Structures are given as structure tokens and as C-alpha cells.
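Notes follow once the structure below has been shown.
Residue numbering begins at 1 within each chain, and the chains themselves are lettered A, B, C, D, E and F in the order written.
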Amino acid sequence: MRILWINPVGTDVFDADMQKILIEAKRRDTEVRVVSLPAGRPTYLSYHAYEGLVIPDIIRMTHQAAGIYDAVVIGCFYDTGLREARELSGQAIVTAPCQSAVDIAGYLGNSFSILVAGPKEVPKMTETVRKYGRAHAMASMRPLHLGVHEFQADPSRTRERLMIEATRAVQEDGAEVIILGCTAEYGFNRAIQAELGVPVIDAVTAPFKYAEFMAEVAVRFGWYPSRLYGSQAPPADEAATWDIFQDTAPIIRG
Amino acid sequence: MRILWINPVGTDVFDADMQKILIEAKRRDTEVRVVSLPAGRPTYLSYHAYEGLVIPDIIRMTHQAAGIYDAVVIGCFYDTGLREARELSGQAIVTAPCQSAVDIAGYLGNSFSILVAGPKEVPKMTETVRKYGRAHAMASMRPLHLGVHEFQADPSRTRERLMIEATRAVQEDGAEVIILGCTAEYGFNRAIQAELGVPVIDAVTAPFKYAEFMAEVAVRFGWYPSRLYGSQAPPADEAATWDIFQDTAPIIRG
Amino acid sequence: MRILWINPVGTDVFDADMQKILIEAKRRDTEVRVVSLPAGRPTYLSYHAYEGLVIPDIIRMTHQAAGIYDAVVIGCFYDTGLREARELSGQAIVTAPCQSAVDIAGYLGNSFSILVAGPKEVPKMTETVRKYGRAHAMASMRPLHLGVHEFQADPSRTRERLMIEATRAVQEDGAEVIILGCTAEYGFNRAIQAELGVPVIDAVTAPFKYAEFMAEVAVRFGWYPSRLYGSQAPPADEAATWDIFQDTAPIIRG
Amino acid sequence: MRILWINPVGTDVFDADMQKILIEAKRRDTEVRVVSLPAGRPTYLSYHAYEGLVIPDIIRMTHQAAGIYDAVVIGCFYDTGLREARELSGQAIVTAPCQSAVDIAGYLGNSFSILVAGPKEVPKMTETVRKYGRAHAMASMRPLHLGVHEFQADPSRTRERLMIEATRAVQEDGAEVIILGCTAEYGFNRAIQAELGVPVIDAVTAPFKYAEFMAEVAVRFGWYPSRLYGSQAPPADEAATWDIFQDTAPIIRG
Amino acid sequence: MRILWINPVGTDVFDADMQKILIEAKRRDTEVRVVSLPAGRPTYLSYHAYEGLVIPDIIRMTHQAAGIYDAVVIGCFYDTGLREARELSGQAIVTAPCQSAVDIAGYLGNSFSILVAGPKEVPKMTETVRKYGRAHAMASMRPLHLGVHEFQADPSRTRERLMIEATRAVQEDGAEVIILGCTAEYGFNRAIQAELGVPVIDAVTAPFKYAEFMAEVAVRFGWYPSRLYGSQAPPADEAATWDIFQDTAPIIRG
Amino acid sequence: MRILWINPVGTDVFDADMQKILIEAKRRDTEVRVVSLPAGRPTYLSYHAYEGLVIPDIIRMTHQAAGIYDAVVIGCFYDTGLREARELSGQAIVTAPCQSAVDIAGYLGNSFSILVAGPKEVPKMTETVRKYGRAHAMASMRPLHLGVHEFQADPSRTRERLMIEATRAVQEDGAEVIILGCTAEYGFNRAIQAELGVPVIDAVTAPFKYAEFMAEVAVRFGWYPSRLYGSQAPPADEAATWDIFQDTAPIIRG
């Protein structure tokens, strides 16, 4: 399987760490590539306007990845641009953290809590969980009151905040499973899991492994994305005419 | 009130008509301006990737409009970029056709049917209605099997298709109200309304008049958009640093 | 526009204040009249039996208003008799506080809290919000533990109670918007809004301005209430035969 | 048990038949009384305004019945005035056809269809089923296109219409249980049941037997209506002061 | 009516008490028999695996009861095996505590809280309430932190725990009705009811009286279980061939 | 990974075929074993009583599999005994066809239709989809009117029936993805997929590959089933005391 991980932010600060995590997480015969966006793009996506500014990059990258990669992962727990990217991924599967994490949680327990960066993230992420039909299984969504770039900047503080909120989620909200609701919360799940004794699903490996899984079944059984009705892709020639998919230099090839 | 209507497509082909419709629809003391996107942008948004490509324009235009306009209308029934645009509209209200039309319909009857361009539009628009909490009131969503640019190209065919599907919606699906689910379906609502004897809400005047209404109550009562939690705007200086809101030439000023 | 505000209670104690508020709130060319019910009717509607006792008055008044007024507002946050009144309003729009307030809130933030008089009001008002499809957006409903006639009797206490519960709604429940869930809570919204920095929608101006808005679009575009299926009005002659709509002296004419 | 059946219409045309049905249906030690409203009230309730006009009678009758009867049945499938009547029924249970029929259906099959008088009834009755939390179990609601007073006027036509729609409900909609959605549809359930081989719940015996059942458990176990929060009754003295519950001559006593 | 109460546990420790309760609760002409399972079966069902182990017994007993009993009650608040048992109950009605209790609560108040044995029970019972369509009416589900066999072992402690949680449910969660969410919580409802002044529905008499009620209307009106679609019973001869319904010695006859 | 596939029926007629399918479907380093139940158990599970009769076998087999297998698949689209089996699977993941198929479908299209054996299956399977929170994505559930053992008995008829209903699902119901709603519908998905051009998810490979995926992430990341609250397993010694898990000869060992 060839899998493309898109860090949809204008910084490569997370790329090396994630590449390392994904290489450890992947199956032997999987190839993985981590890319981020050109400088000048927002370096985190807490604000929806920032999300909106990078959606075209996600679309173009996914469009370029079609035919080369078997799956694409959009590395933001807002599942930014997921519907848009899926439209023109061709036969490539597109996954994103929130959908994959809540699906996986459904095999591990009756309920989950999601630990998100801050109060800013709560309304849209709650709506996303509701859209996926899993609001009834969400015990709570708890803000950590940490910025996206603070998670890795001060790991001991992050671990402490995560432990506090995960413990509350389990003890006060009745969560049976914990989900880390930001891709930048990587590197902490095993410690919290060990300490709390409940599965802790992180936002990096969950969508990545789901992508690997879906890519495998796509290739094996022909379970490629439907291209009917709402999933219909735009006509290839039309896009070419408008030159809209090519107006940035090739980002992920070469 | 000063209201900006954004036709979020890379063609001004609808602008003059819409300007005319809005000028007829507006209150005396309202000023309205219709803008569309630069050439090279998709000329219609049926595909979600096309939507994604124009979201940054919608964001930038709304950002520029803040402080100048009292309200901004995003002229696409997908309500494209609504959450993103609202974030940085400052004190300006942002409306979009689907939300306004289903809200208005709630004062006119028990149920509505939405007549959309084609089967492509059905899944996302259905999800949007569900997101707004009004799925129980939707009698049906019926595709007209006409492209966005065909509505005005062959008006007699469009009127015929609309009458056929509106009649079915009323007679077979039990709709008490009809909603025209594309801004390009303008100019037909009065005829169908007269013939069928049910209110027919069109996608141009509905969000425009709603914007005018909300702008008035914002100014009168201070009902400006909340800026708490999920509605918090990005810090102004940050955007400036990244230069991301300025990387297109000013579109709506001057 | 000609708008009739019905205070559906057997006291005119609120009439002058509301008339004043509405005159300040109205557009220049709007005429507004405030009426209340004859003495002997309940002077507040917290109890559902009291609501039931005044529904016929609401029906008769709305019936009389049809043809004279462009819109009728039922001034109780239970939206008392809304379905019944709408049936025979002819071309007049009928609005009520809860529906209008939650619709308006949908343009201002992701979630709202409603501050209601007491625990008595919570179950039915919660059911009403659920009926409108907005339960997912309600952060909380908080009782103020004040009677309907206490709000204006001791304004400083009312303001204090409102500030306490509004603050809790924002800080503990995550509300982005506050709704005042009783028409008698008038006169406080601006102060709380200023102090808390979130939009505070009151139950008087919200349905009134919504009525004005809907009346305008009804007249402009023919968006009069549907008269199909569940919205069908009773046959005019039948009502006359039974003399049921005339058994009180004309209330709102003359 | 002493049970009061209220035909909430201004005609006693159904009273004798219903009295007979209820006497056959009752347990030996149950006493039943059927009352209807004074002449001049609407003779059927298809229109919501008609419902509204009789709600005060239902309230007053229920208020009078409290302390005399163990249960009160409101004989209209709209469950007209149910919430209002329950408030001041004291220790008497109040039932109504829709709630009782859908509850009973839940013990007999996975899904039900409701056969209602006409398209007028569909929206409100659908909303009522949704309010009770049973929309997922409703296979369909089918209008019979017969007026309330036509059911008994031409029994052979009624039976034919019922058989046609019940058969469609079973064969096309997958209904496992049929509910007759109007109290005036009495006298047909056994024949349809025998012919179709599925349980057919009628709107007269269902709420009556449910009332008898609930009255028994109320008396036996003290399961009287809660009087907390939304179920709190108005203070007795207040009602007296306003003279609102006494402004009609005693209807059900003497 | 002849009613079979199945204590679906491998102990008869509750049988005598329940027999006594049911004899006091029954109507004069009702016959009731209490049976439990053979030794070696789990003696309580908090664990879902334990439930699974006794479902065949419930099925076989219900199958044997068909034709002899008019109704069967499955005495566990998980409503264990309800769907399975209903399939082959013939004309006998099958009830279970959760469904009956929430239905009865719907006639007594706007909301209920369920007091369950422990945190183990919460997720499945919550799902069951949601399945019945009543999640919106559930104020809370509160664990008592007592094992099933502890309820009767130390009645004063049980009463104390029940009072504490019932009081919290009423005061903090807004419950208008209390439901005791375990059949072993018998014998306490009257005391709590008297002390708190709200109806307290217990899990023994609720499904028993509901069974008696449904059995009566089944016999009177022919409202026997539907045998269509999902309610279709397996062919009698097939079961005989496989000898699966006979592989335990007759349990309830003789 | 070591995966156990349980055909929860008293016949091994499907075992060899499924073993073959799974061996083709598995990853190189996965070991798979297919087991079925002892003779005398129902040979298909369309009836819920039949499901109930085999749940103890599923429980015991899963209990035995814990510690030996990394995952267990319950091979029935009713997801029979899934909650029960999960409770005592230890660190083994348990999957079942319906949950896995609808989750996978969520990555391939906006909506799915499920082709089930007959009308018997529709109500429970619909409830299951609703329980998983995906009712909004189900375009339809269509019965094939074929018995479980007829699918393989007459493959050309089965293929024809599948093509007819799959085509209707796509063309009339708007399904973007097709799910085969019975494990015995194996061997047809590729042909239908090729002919219709939409992904066709079968009920054998879907839960098997999902099990393989979940087992891998469990081992890699420690994402073993939660054992808190509703997922808590019964105490090991208690089960031993009652001898309930050992009362059948070891089924899957040796």
C-alpha cells in the first residue's frame, strides 16, 4: 500500500515526528509519505477560516495523489476537506482522524470521550460526531486548554493535562474509551493508556491504520469509492480547462 | 443596511440579473452589491471540490466586507463556506440560502420539498438540512436533472421541469411549501407559486431578505455574531503575519 | 406592515411597556397594536391549563386580525396556540417567541441557553425546542426562579438573577448566545449583553421583528402561509354556522 | 374504577355508540360515563382551531372530574388538550388515543401504520408520534379521505376504505400492526383484523382500557400523576379567584 | 388471565417474595405463577454473558407457556431475550420491566430517572431506553452501587441508597418520576414514594400489571401479537425436527 | 494475527467455502480458523429464537478463544450475541458483519442499501443500523425473498435476484454503496460490483478484514477492548463456580 499523509498546515514542524510514528505503525509492505503545505499557509487549523484556506491544497494534493497513492489521510481532527477530497481521489481511499477514531472506538467500548485542544474546537467537532451518527456514544468532549503547538512544546505539561481530563472523562463522564482529538497530541497515548487502563486512541495512527486497512480491501475486493450521485467526480476535462487544479506547483510528486 | 451578495463562482454571468432581483427585493434604505469571483474559478459549484476551491475567496471577501457591510450573503444553496465565513465577519451577519429557506418555510407550512439541480446535490444538501435539525420537515428533495447553467439558458424547459417536480412534491410527497434549491433557479418562483397555490421560496431573495432582517436587528439591538467558543475569530495580527488574507488583490473594495 | 401583538393574558399591565418597546423597535412604516385579553382570563401562562383557557381568545383574535393585519405575534414563550392560530390567519403570518428566538440564534452562534421563569416551564419549553429540531443546539435551559409578574416588579433583583444564570450558561454550559425565555423579561437584554459580551435575544423584539420580516416577504413575494394539508383552514361558512368564532365581542377592532 | 370518557365535540351523536362499546369493553367493576360538549362547539376536530376552541371544556371537565373519577379519556386521536388536562386532573389519570395506541402497538409488533381521516390530519399526528419517540416504528400514516362524520354514515364504504388502506399498509409499507387513527372509526377493527390477520387497534378501546389499567395501578400502588416541575398544578385558590374554571355550568356532575 | 413470571436466574431465592407481591398486585381472576431457572444458571444477570446464557431458557419457557398462559413476564430490567421470546409466544403477550416502566412513566410525568444496580448496567439500559424512543424523557440513570443480591440482604442500606439517589434524581436532574431499574429492588417503592412525593415505579409490578392488561385486551379484542414480517414465528415442525426446544426437561408444566 | 470465524449455526455446510474465501482474503501472516456449531443447533438464524438458542455457544466459543485468538468474528448479519461475546473476549476483538459493513460503507459513499434474505430480517436489522447511528445513511433495506440456504443452492437465481434488487437500490433508492446483508450471500459481490459499477460489500470479508485490522491495532497500540463500566467482564472465579462456561465440550481447541 502507498499512503499519503497530509499535514494540512503551512509548517513541516510535525512532519519528521509523524513520519517516524507512521513508519513504526505501518505494515512492512506499506509505503508512507508525509507532506505538509507550503510556507505561508496557517500553521494550525483551530480556526475554521484557516481550515477554509487550506482546503484547496488538500483538494489539489488528493487530486495529484489519485493514481499514485492507494490512500490519503487528512491529518486534522476537524476532518477538514474530507468530503471535498473524497470527490476526486479516484480509486484512492481518503480517511481523517475523527471518523476513524469514533469508528474504532465502536469496537472497544460503549462510549468515548474526546480530549480536544480548547473550547474553540468543541462546537464543530461535536457537530461532526453528530453528523457521523455517534453523538449518543459520546460521553463528553473535554477541552485541554492547550494550543495545537503547545502539545509538543511542553510534553510534561501536556501529559499532565491529558491525564487530568482523561481521568475526569472516565470517572465523571463514564467514558470507556478515550480519543485524543488533535493530531498534534501524538506521543502520549501509550502512557495514558497504561496509567488509566482504558484504550486511548490517538489521532495519528487511527486514521493512518484505517487508511491502510481500507486501501487493502479496496485493492483486494474492488471496494473503491463509489462515484455515483453525491460521490460523482467532476469531469476531468473541465478541471483542465479551468486550470484550477494546476495553479500551484506540483506539491507531492518528484 | 449595506449588504454584499457573493456569487461564489468565477463568472459574472448571473450578476446583473441578481443585482436587478435584489434591487427590486430590497427595502428603500438598503444598499446591495453583487460580486462574483475572478475568472478561472469554477463557474458553478455542484462538485464539492469546486466548492472547496472557492472557500478561500468567500473567506477573504467576507473578511474584507467586515466593517463595510452589515451583512454578507453566500449565494450557493450548499451554504458553501458558511461556518468559515461567519468566523471572521466581525459584526456582519452572514446568511446562505439553505438555512434561510428552511427557516422561512417553518413559518409557512408543516413541510417542504426542495427542488435541486441534480442527483449530485442530494446527499450533501440532505445532510445540511439534517444538520439544521429540519430533516423531519423535509417531505422530499427532488432533482430536476438540469445543470446550474441550464436553468436560465432555456427558461421554458426550466419552468416545465420545475412545475412537474413541484407538482409531484405537493401531490405525492405531501409538501406544503416548495423551496428552489439553487440560486440559479431565479425568476420562476412567482409563476409556479401562482399555478400551484403554495408558497415557493427561491434561493436568492430568501437569504438576501434574511440578511437584511438580521442586519437590521443586529444594528438595532446589538445582536451581532457571538465571538465565544466555536465562534471566536482568529487573532487579527496572526492573519496579518501570515499574509494569508491579503494574497489576492482586494476584490470588493474600490 | 400592520402587526398585531397579542399579550395572551387577562391583564393589560404589560401593554404600555410593550407598545413602547415595539414602537422603538419597529420600522418607520410599520404600524403596531398591542392587545391583551379581557379581565377574568389568567394573568400569566406558566400553567398549561391557563394556556388552554386562552387559546380560544388567541384563535378568535387571529381570525379577526386576518385581512386587517399582515402579521400576528403571540406573546408567550410557550408559543401558545401557534398551530391553532396559524390555521385561520388567512394571509397573515403568525410568529411566536420561541420559534423566532431559536431561529435568530442560529445566525449568531453555535449554541444557546434559554433563561426561563421557573422549573415549571422547563419540560414543555424543552419539548418545543426539540419539536423545532434545535435540541442539539441548546446548551441548557436555566430556571430563574422568578414568577412572570416578578420580573418587572423588582428589576434590580431580576437583573441580578439574569446575570447570574446567563453567566453560568456561558461559562458552565458553553452557550454562545443567550435567549430570554419569557416575554415579561423585557428591558434587561441590553444590559446583560453589554456586560457579558454575547448576544442576548429577548422574547419581545425577536418574534415582533420576525413578524415584520415575514410580513414584508409575504407581501413582496407572495410567501403567504400554505393552505394545504395540515395548514388547511376550516371552511368559512362552517365556522359561521356554529357561531363559534363570534361568541366573544370583537376584541381587536374599533 | 370510575372512568370518564370525554367526546370533545359539540354533538352527542357518538355518545350512545361509544357508551355501548365501553360497557362491553370494561371490566365488571368499572363504571364508565360518556359525555360530550354543549351544542355550539365544533362537531369534529380535524381543524386545529376547532381543537383549540374545545380545550377549555376539556380542562374544565377534567378539573371537575378530579376527585370523582379515577381516570379521564380525551376522545380524539390528536390527543387534544392532553398536557393541559393532565395538569389539573389531581389524582386522576388522563389518557388519549394516540399515546395509548402506539404504546400498545409496541407490545404487538415491530411497526405500525395509522389510518387517519384525511391529509389534514397527517402533519400534526405525525408530529405527535415523533413527540412520543415512536417515529422510527411508524411504517406509514395513510389518509382514508373520509370525513369524521362519514365513518359511521356509510359503514360499508368505510369498511372498504379501511380494508384497502390497511392492506396497503401491510403489503407495501411493511406494517405489522394497524392503528385506526380516529375515534369515529369505531366498529370496524374486528372485521379488518379477521380479514388481514394482524392486530387492529382502535382509537376507542385502546385509550379506555389504558385508562382503566392506569387507574387500577394508581389506586393499588399510589402511581398517581407526578405534581413536580412541568406537572405542577396551578394553585387551587388562584383559579377560584379568577373564576375561570367555573365559568361554564357544571357539565359532568349531577 | 393466567400469567407466568419468569425469574431468569438459576436461583429461587426471589420466587417466594415475588409470588407474594404478585398475588397482592393481581386482579382477583388472575392466576400467576413464578418460576426460576434450574440451578447452575447464573444467579443474577448484570453481565451480558450471563444474560446470553439464560436466553435459551427464556425462549423454551415462553414456548412452553404459549397456549397455557395468556402472558409471560421476563423478570429482568435488561428486558433480556424479549425479542426472542416474543417470536414464539403464540398468542401470549410478553412483557419486560424496562419497556413497561417507561411506558407507564409516560402517563405520570414529563421525565423519569432510573435507579440501577451499578455502572455496569448503565450503557445497555441506556441503549434500551433509546431503542424504545424515550431517551429524551430520561432525566438520568443513576447507579446505586449495590449488587443485585445486596438489595434484599440489607434492606435498610438499600432504602437509604435509594432515597439518596432518588432525591438527587428529583432535585438535581429534574426527574418527575422515579423508576427502580432492577427487579430485585422490590419492596421499597412505597416508602420512597411516600417520602419523596413522586410516583416510584418498581420493576416487578410494572411489567406484571402491564402483562395482565395486555392479556386482557388480547383476549377481549383479539389484540394478539402480530405474526408478520419480523414477528413471524419459526415453523413448528422445523423446531421439532431439530429437537432444540425440547432439550431441557419441561420446566413450567406439571 | 489469529482469527476465529464462528459460523453460529449447527451445520458445517458453509465452513469449507468460507475457509477458502477467508484464506484468499487474509494477509500472509494471518491464521484463520472457521468453526460452526454442533449438530442439533439451528442451521440458520433468520428467527430470533434461533439466534437466542446459539448465543451461549457464541459466548462459550469466544470465551475459549480469548487468549488464543486475537479476534473473533460472529458470522451472522444480525450481529448475533455481539454485546455478550465482547464482554468476555479478554483482549480479543469481536466483530460482526452489520457493524463492519456499515462502517466500511461510510468511507465509500454517502448512502448504502442492504440486501437481506427476506422480510423477516428487515425489522431487527433496521433497528441494528439505527442502534449504530447510521439510519440516516441507509437508502433502503431490500428483501431478496430467498432463504439463507437458497443463496448457494441456486447461484444463478441468487445472482439474478441480487442484480435486480441492487439495481433498484441504486436507481430508485439512490444508494451509492450496496451491502449484502447475509453471510450466506458470499461469492456474488464481485460480479454485481462489476456490472453495477458501485462497491458491493459482502458480509463475510467485511467483518473478517475488520477483525484482522482491529487485531493488528490492538496488538500494536494496545487498543484492546475496554473493561470498564458496561464492558466489564464477569469475575473469572464466579463463572468457574457455576460451571456455566464449561458445560459443553471444548469446541474450538485441540
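Everything below uses one rule, namely that a residue touches a chain if its C-beta (ideal position, glycine included) is under 8 Å from a C-beta of that chain, and two chains touch if they have at least 3 such contacts.
A quick note: this is a predicted structure, and the numbers were derived from the prediction, not measured.
Listed by label, the chains touching chain D and chain E alike are C, F.
Number of steps on the shortest path from chain B to chain F, with steps defined by chain touch: 1. The set of chains touching chain A and also touching chain F is given as B, E. Interface repeat of D-E: among B-F, D-F or A-F, over half of the contact pairs recur, by residue number, only in A-F.
Chain geometry summary: the mean Cα position of chain A and that of chain B are 30 Å apart.
In this assembly, the C-alpha centroid of chain B lies 44 Å from the C-alpha centroid of chain D. If you average the Cα atoms of chain C and of chain F, the two centres end up 53 Å apart. Annotation for chain A: residues touching 2 or more other chains are 110-111, 119, 122-124, 127, 130, 135-136, 174, 176, 229-231. Under the touch rule stated earlier, the contacting chain pairs are A-B, A-C, A-E, A-F, B-C, B-D, B-F, C-D, C-E, D-E, D-F, E-F.
Those residues of chain C that touch chain A in the complex are listed here as 110-111, 136, 174, 176.
Only residues 119, 122-124, 127, 130, 135 of chain A touch chain C when the two sit together in their complex. Across the complex, chain E meets chain F through its residues 10, 40-43, 47-53, 55-56, 58-59, 63, 81, 83-88, 119-124, 127, 130-131, 229-234, 242-244, 247. Here chain E touches chain D in the complex through residues 25, 27, 93-95, 99, 103-104, 106-111, 132-137, 170, 174, 176-177, 189-190, 193-194, 197-199, 201-202, 205, 209-210, 213-214, 216-217, 220-231, going by the rule given at the top.
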